[in-house]
Amino acid sequence: MLAVSWEKINDTAWLFVLRDGVKFQDGTPLNAEAVKFSIERARDIYSETGRGPGYVWSCIEEVIVVNKTTVLFKLSYPARVDLIASGAYGAFIYSPKVVEYSGATSPTDPKLEEWFNEGNAVGTGPYKLASYRPESEVRLVKNNDWWGWKEIDNPSPPDEVIIKIIETPEAQESGLRAKSIDVATNIPRASIPGLESQGYSKVVIPSYHNFILVFNTQRYPTNIAEVRKAIAYAIPYDELINTVLRGYGRIGSGLVPYSFPGYIGNLTYKHDLSLAQKLLEEAGLVERISLEIVITLGYEEEEKFASLLKNSLANLGIELTITSLPWEFVKERGASVWVNPNEAPHLIINDWWPTYPSPYEYYYIFHKDNREWNWAGYEDEEYSQIIDEAFVLEGIDWAKSMELYMEAAQTIFNNVIAINLWDMMHIYVYDGGRLMLREEAFNPLYSYVIFFQYVEVKT
Amino acid sequence: MSNSTLLQVIDLYVNYRVVRKFTDITSRVRSAVAGVNFTLSEGETLGVVGGSGSGKTTLLKTIVGVLKPSKGEVIYRGVNVHNAKGELKKKIMAEIGYVPQEPSQSLDPRMKISSSVTEPLRALGVGKSDRYERARYILKVVGLSEEVLELYPRDLSIGMLQRVAIARALITKPKLVLLDEPTSSLDISTQAQILNFLREMKEVFNLSYIIVTHDISVASYLSERLAVMSHGTTIEEGSVDEVLNEPLHPYTRVLIEASKLKEIEESLEEASAGCPFINLCTFKTDVCFKKPPPQIAIGMRRVKCWRYSSK
Amino acid sequence: MVLEASIKSTDLSIGYEYDYGILWVVNSVNIVVWRNTTYCIIGESGCGKSTLGNALAGLLPTYAYTNGYLEIEGRTVVRGDETNYNGVRGRIVTRIPQDPSSALNPYATIGEQLVKVIEHHYGVRENALEKARELLKLVKLPLEVIDYYPHELSGGMKQRAAIALALAPMPKVIVADEPTSNLDAYLRGVVASLLKRVQRELNLTLVFITHDIALTSVICDYIAVMYAGTIVEEGVSSKVLHNPLHPYTQLLFKAIPKLGYRETLSTIPGSPPSPTSYPEGCRFRPRCPVGFSECYKAPKLIEVKPQHKVSCWRYA
Amino acid sequence: MGITLNYVVRRIVLSIAIILGISIITYVFIYLAPGDPAYVWAGRPRGPLASEAIARARVELGLDQPIYVQFFLHVLRFFSGNWGLSIRFKQSVFSLVMRNFASTLELLLVSFAISIPIGLFLGIHSSLYRGSKIDAAINSLSIVLSNTPRFWIGLAMLLAFTSLNIPTYGRISDNFRGELVERVGLYLVDSLLQGRLDIFLDVLIRIIPPALALSLYPIGAIARVTRISLSEALQEEFVREAVSLGLPRNTVVYGYALRGLIPSLMQAIGLFFSYSLIDAMAVEYVFGREGLGNLLVKAIPASDFPLVTAALIIVAIVYVVTNTIADIVQALINPRVTM
Amino acid sequence: MDSLALSINAWRKRVTFRIGLVITIAILLAGVAGGLFPLIYGWDIGFRIVSESFQPPSLKHLFGTDDLGRDMFTRVLMGTSRALVQTTIVIVLSLFIGLFVGAITAYYKGFIEKALSYITELFLAIPSILLALVFVILFGRGALTVSLALVASWWSWYGRFAYLQARAIRDLDFIVLAKHYGLPGVYIILRHIVPNIMSPIFIQALTDAGSVVIELATINFLVGVGTTSIEEPDWGLMLGYGVRYVFNYWWIPLLPGLFIVLMALGFALIGDSIYEEMHPQLKRRWRLWF
């Protein structure tokens, strides 16, 4: 948005032209220096401490200020800088004066980070941060000096925005009903018809957030491919859509979510219990078996899916134990497949969203070197090589790299290492009598983000 | 006085701590028993008479060994009661019986009489059948039927409870029994029964008693010798007849008058230093206001009063 | 001196509610207490004397049942099961408690307690304080006691404070329920003397309830002996004390140890019956050494000598 | 005075010892917690440099030190009010907890302002008419009240009020949120300090339903305690003495019997207060109010153990402090007891 | 011995006792039924999807069905047996620990008394939720873990109660004498102190059973640590999970709560009636007499 135009000069150099006349909320003008400052800070923090989402910028060798409004990105290896720059993380541009404000000595001084954490920000956006209580609410006020107001033609944008951090769906619904919330991001799906009948409106936005069922390939019996396949056939996909997602969701295909770069259709199993039964018999499993699935506490859909799966597997004589844990524990259980595969759960659901618009984000999960996230315990040399190659090719030959990703997806699908169960859809329920949410207010890459400049307040 | 000395109490002090005021950081020491001396011969009975708060009960508990003295010694047949250990201690415990003040509190309400009565024997390591045999015997002696053994304290009247408490004190065949207000919670008719019974027991087992009471008539009924106690010390000691007929100390005189029910014009303010009985006394001199009186022996009698110090 | 009845009871019975009905602990008591005299009720524990005292002072517990009549200073306070002590408590009757340490309000100073009572009955504060001082003087307590809490006083002083409190509403009748039982011999004499003096000075009617027979000789004008809920003997104190008629009274007096006497005490065999199992007829019959066949019928309290009543078939 | 400075000092030392004990237990808790705080602290790194970031976070959090050093530092920090940064919110735990505690405290105070008078009233009347139908009714009512899950009733109330379109959700209307100047942290007080009656009313309307739900238990419990202890007190000798002196009924009941009960009732109410804290957390969660309960619900799934323990330590400290105060006050009021 | 007599008296005279007993028996039956269900109908009975989701209460589904179409009533009954077992564990264990710790604290004067009473105070102050979380970390999630965690905090109530009771009797003559005779501490604690302090504590524990149920439910409601899975039919979790449907499908969160109330009430009514029977000053007729 801040860039007016950009072009790829060669594999390792991109030129960006910035919008002129844009000012930060503290009055300093947005210029090439600020871009250099912000991007290099993110990159440096990552390379110095390994922390933060700055790794998206690790391809940058140097940001060169060409003139006041032009920057040149010099890369150490080919990459799609345009995609990175539009990513959800690590691509924030802020005023270089923050160093001064926070009393830090250098851009990577932890003091600056603390200053940000305390709820300070100086960006270019249409709304300014007014107060910051990460546990309950964030307040924004309109930035009248924003450059974009002329362009978007919104007669009545909100003057003040309060983002309430309300995690539980019932609390959101209650707030909505009590008129203390105008837009709710996470309403129980089952409540939506009731709310709609009371005059509330909804917006359904697809997202790149998907839920991946991961099989433990190192533990009996899920180390047997037939067993995994049988489970894949036992998943009640229709019920998943109808009962769990109440229609607001899409059965996943392959690993990459729908409409994300590198999406592949048709990599989906069907619900077929008799086939599943046959596969189990082929695998030689006649006695009753017990499996464990680990899901994340608080994800209503995961919980329900697990229940459906339990019911369905019961027909196959498989007893499914559902363990729902806080997210940190889920991760710990999942990663334990590398330490003690027989203690790790047979099945585990990992929810994933990209920080960076490349299919690599999804395929890297099952990379053999990824000990943090490869909860399948899947160690496939060939697969890993294919995706690494594809990643390098991204900045050079997009089509070729997509082909390689396709191959990787087939491997995962055929071996039933993991199944993308569904792609999430965000449902925003709002009081239609008071607000109008334009479509531009949402971007699938930015989950749970509303661009408030596109919100119209009705009087 | 008979020949052999049974018990000697030498200069006994028992202190306790009190905190009085808001600003007191440390507690102050008060003496419940402050300098008690007496000697008891075998077969002799000592009556200790004193008002409430005079330290009688503390004295008794210290003699029996329940409380530790801050100073002084209790010598039973040449052995210091509080230093005795092991078998010796058990022997002394067996030879000194103790009957607490409230019969209703001295027996465990949740325990059968048989268990309560045989408890001292259990501590001595006597076998179960022996214990019960002895319990049956002793109950017969105190005039209770055998069925009582299977009852609980709530099934018995207070007089019977007192008998049971005495039976427990007697079950170890003691030589000395300490009685703390044995009749104060009893009715007149029961009191007479218990008093007579105590006399009888003394004959049967050749016992010595130390009886602590506020009632000088009860003490004189059972004892050969009387000690009058006040403010933690024995202010006068002597044979019953001597004390009753010729009281030396003004407080003793008042006590006797009170029990003869003469009308008493009372004045009870406590003196600060010096003798605590100044207000009762018609012979007070300057020294009485300054220092507490020392113990003075007159023949076999002892008294704490300045009046007799010059003699 | 003309004798006027201060308290008069007619067939007064008092019982308590128990699991299986009413337990009558005081049965058909007929007494007359004359004004400005001291009337003693003596008996052993459980004979109902405290219950009778509570009835006189208007302090029967709520689970008590009554029967008969009781008049105090011309006011009928008990009529059948109805009791009405309004205007009688305090104004006409007060009582001196058995245990002053629990009967004094532990949360207020002696002065506060006195003043509260005086104020309620007679108004204004300055006078009340003055009156409180007078009362303390009357019971020979030092004046600084006015600022003391009850727990700061010794046993004897507490009892005096309780007496002062009972005198504060200026009643006509005082019921003293074993006021000396928690005191030692010396203080007992002191308190009894004090009560006697106060009764004379203030022209009170004093009902003195005690089990301490020796004490009665000093302070009582009339004596009633209670046994198992009934009055077995009643009369002028000198007559009852020196010439007891009822066998129970006779035996009881012999059972008291006397100073200097060392002969074996005589005892009453057995123990007093409990209200749940009063014997038929004369209630002393099972323990009576001189009982005869007549005793299976209940005797009546009759005047056998002038001012000396007894309830025994031997004198019928 | 029945109390000595010595006692007060001892009681306070005891409280500090208990809080120290709690800090030990919480330390053990944080230490044992399996969700790797270093990982979260590092911002859940995903890239190839992730393990490096985690190692770095471990140093920053002091997790590389020997356990006794860690423990010592923990205790030191604990008593200096530096409870570290919340892993999830990256803010000072202390200020986070205090800010939310004010909300919980406000709710509790209002609920006790409701329940103490009602509970006392019910208890006194139950006791005065005991054995009667009134007593049976009040007693049964208080048993029912004190044995109903508060959060459940809160839920039902939330449903009822929301269907009646009465705003019960949240702590304050959003229109007012920006206008309220926070001084004390208790919005009822703050709004009055600011002189804004409209804000005060809004806050009041929102606080009453949860406070009512919360006050069920204390109402029942206070009524029962009052009934039992007043019944005993009314039979105490000094109360009978007051009756025998002809004092009027109100003087006897309130001036004599009840006055003596104040210390023990205070102690009991202090206990109920600290016991209600957990209830308050559940109820405020139901009503979507900010506060310790909501904080806890957010912190637990995020394995934000410093925050979880801090929130719960506040509960413990409130317990210790209320009880210490109640004990000291009870010793002060009661001249009989010498401590 | 007297407790039986007391109960009989209470039954004869108190409506509350009878109501409480009826409720408790009903809950016990429900618990037995819930415990037997898996044996009769198979292990997955509580999880079986039997109908359309969100069915309101009807004769077929007494408590309606939940968001997946499972029968709520079956699940609530299974929750009953869980709650009964958990409550029994909590009450019995805390009672024993509390009773003995309290007796020991009071019996051994001096250092042991100080140390143990401080420890008791400490455990009183620790919120049970915190202990529940600690225990979950130590022993893993599960109903038993939370019960034990609650024991770890709950015993201190009885510990203090027992201590106060025992302190009141420890200087009575029969205990002083037993000590004086040289009888061992264990004997005195077991034979003298514990029997004399236990009955009020037992009654208290009976009354407390209701609070235990509520506390368990509150912990599970708030932090959901009680079970290994949301699938487990635990009351607190069912409520906590059902809260999100309160506005549209009220029976999902509200009906299971009814059972919590009933169970708590049943125990409390029984305990209270026996308490009243034990305290005659509370049970006798009382009229305003002054």
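Which chain is which? They are A, B, C, D and E, in the order written, and residues in each are numbered from 1.
Note that in this section contacts are C-beta pairs under 8 Å (C-beta built on N, C-alpha and C of every residue); 3 or more make two chains touch, one makes a residue touch a chain.
Predicted model only: the values in this text are computed from it and were never measured.
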item: Where chain A and chain D overlap in contact partners, by chain label; value: E
item: Shortest contact path, chain A to chain B, counted in steps; value: 2
item: B-E or A-E - the one linked by more C-beta pairs in contact; value: A-E
item: Distance from the mean Cα position of chain C to that of chain A, given in whole angstrom; value: 91
item: Centre-to-centre distance between chain E and chain C (centres being mean Cα positions), rounded to whole Å; value: 51
item: Centre-to-centre distance between chain E and chain D (centres being mean Cα positions), rounded to whole Å; value: 22
item: Multi-partner residues of chain E (each touching 2 or more other chains); value: 243, 246-247, 284-287, 289-290
item: Residues of chain A engaged with two or more neighbouring chains; value: 168, 174, 177, 297
item: Touching two or more other chains - residue numbers and ranges from chain C; value: 61, 89
item: Contacting residues of chain C [partner chain D, same complex]; value: 57-59, 61, 89-91, 93-95, 97, 99, 102-107, 116-117, 120-121, 149, 151, 162, 165-166, 168-169
item: Of chain E, residues touching chain A in the complex; value: 43-44, 47-49, 53-54, 67-70, 141, 224, 228-231, 241, 243-249
item: Residues of chain D that touch chain E when the two form their complex; value: 14, 17-19, 21-22, 25-26, 28-29, 32-34, 128-132, 135-136, 139-140, 143-144, 146-152, 155-156, 158-159, 162, 228, 231-232, 235, 243, 249, 252, 277-279, 281-282, 285-286, 293, 296-297, 300, 308-309, 312, 315-316, 319-320, 323
item: Interfacial residue positions of chain D with respect to chain A in the complex; value: 34-36, 39-40, 42-43, 45-57, 85-86, 88-91, 96, 99-100, 158, 162, 167-170, 173-174, 177-178, 285, 287-288, 290, 294-295, 297-298, 300-303
item: Of all residues in chain A, those that touch chain E in their complex; value: 168-170, 173-174, 177, 188, 190-191, 194, 243, 297, 300, 303-304, 306-308, 310-311, 314, 319, 321-325
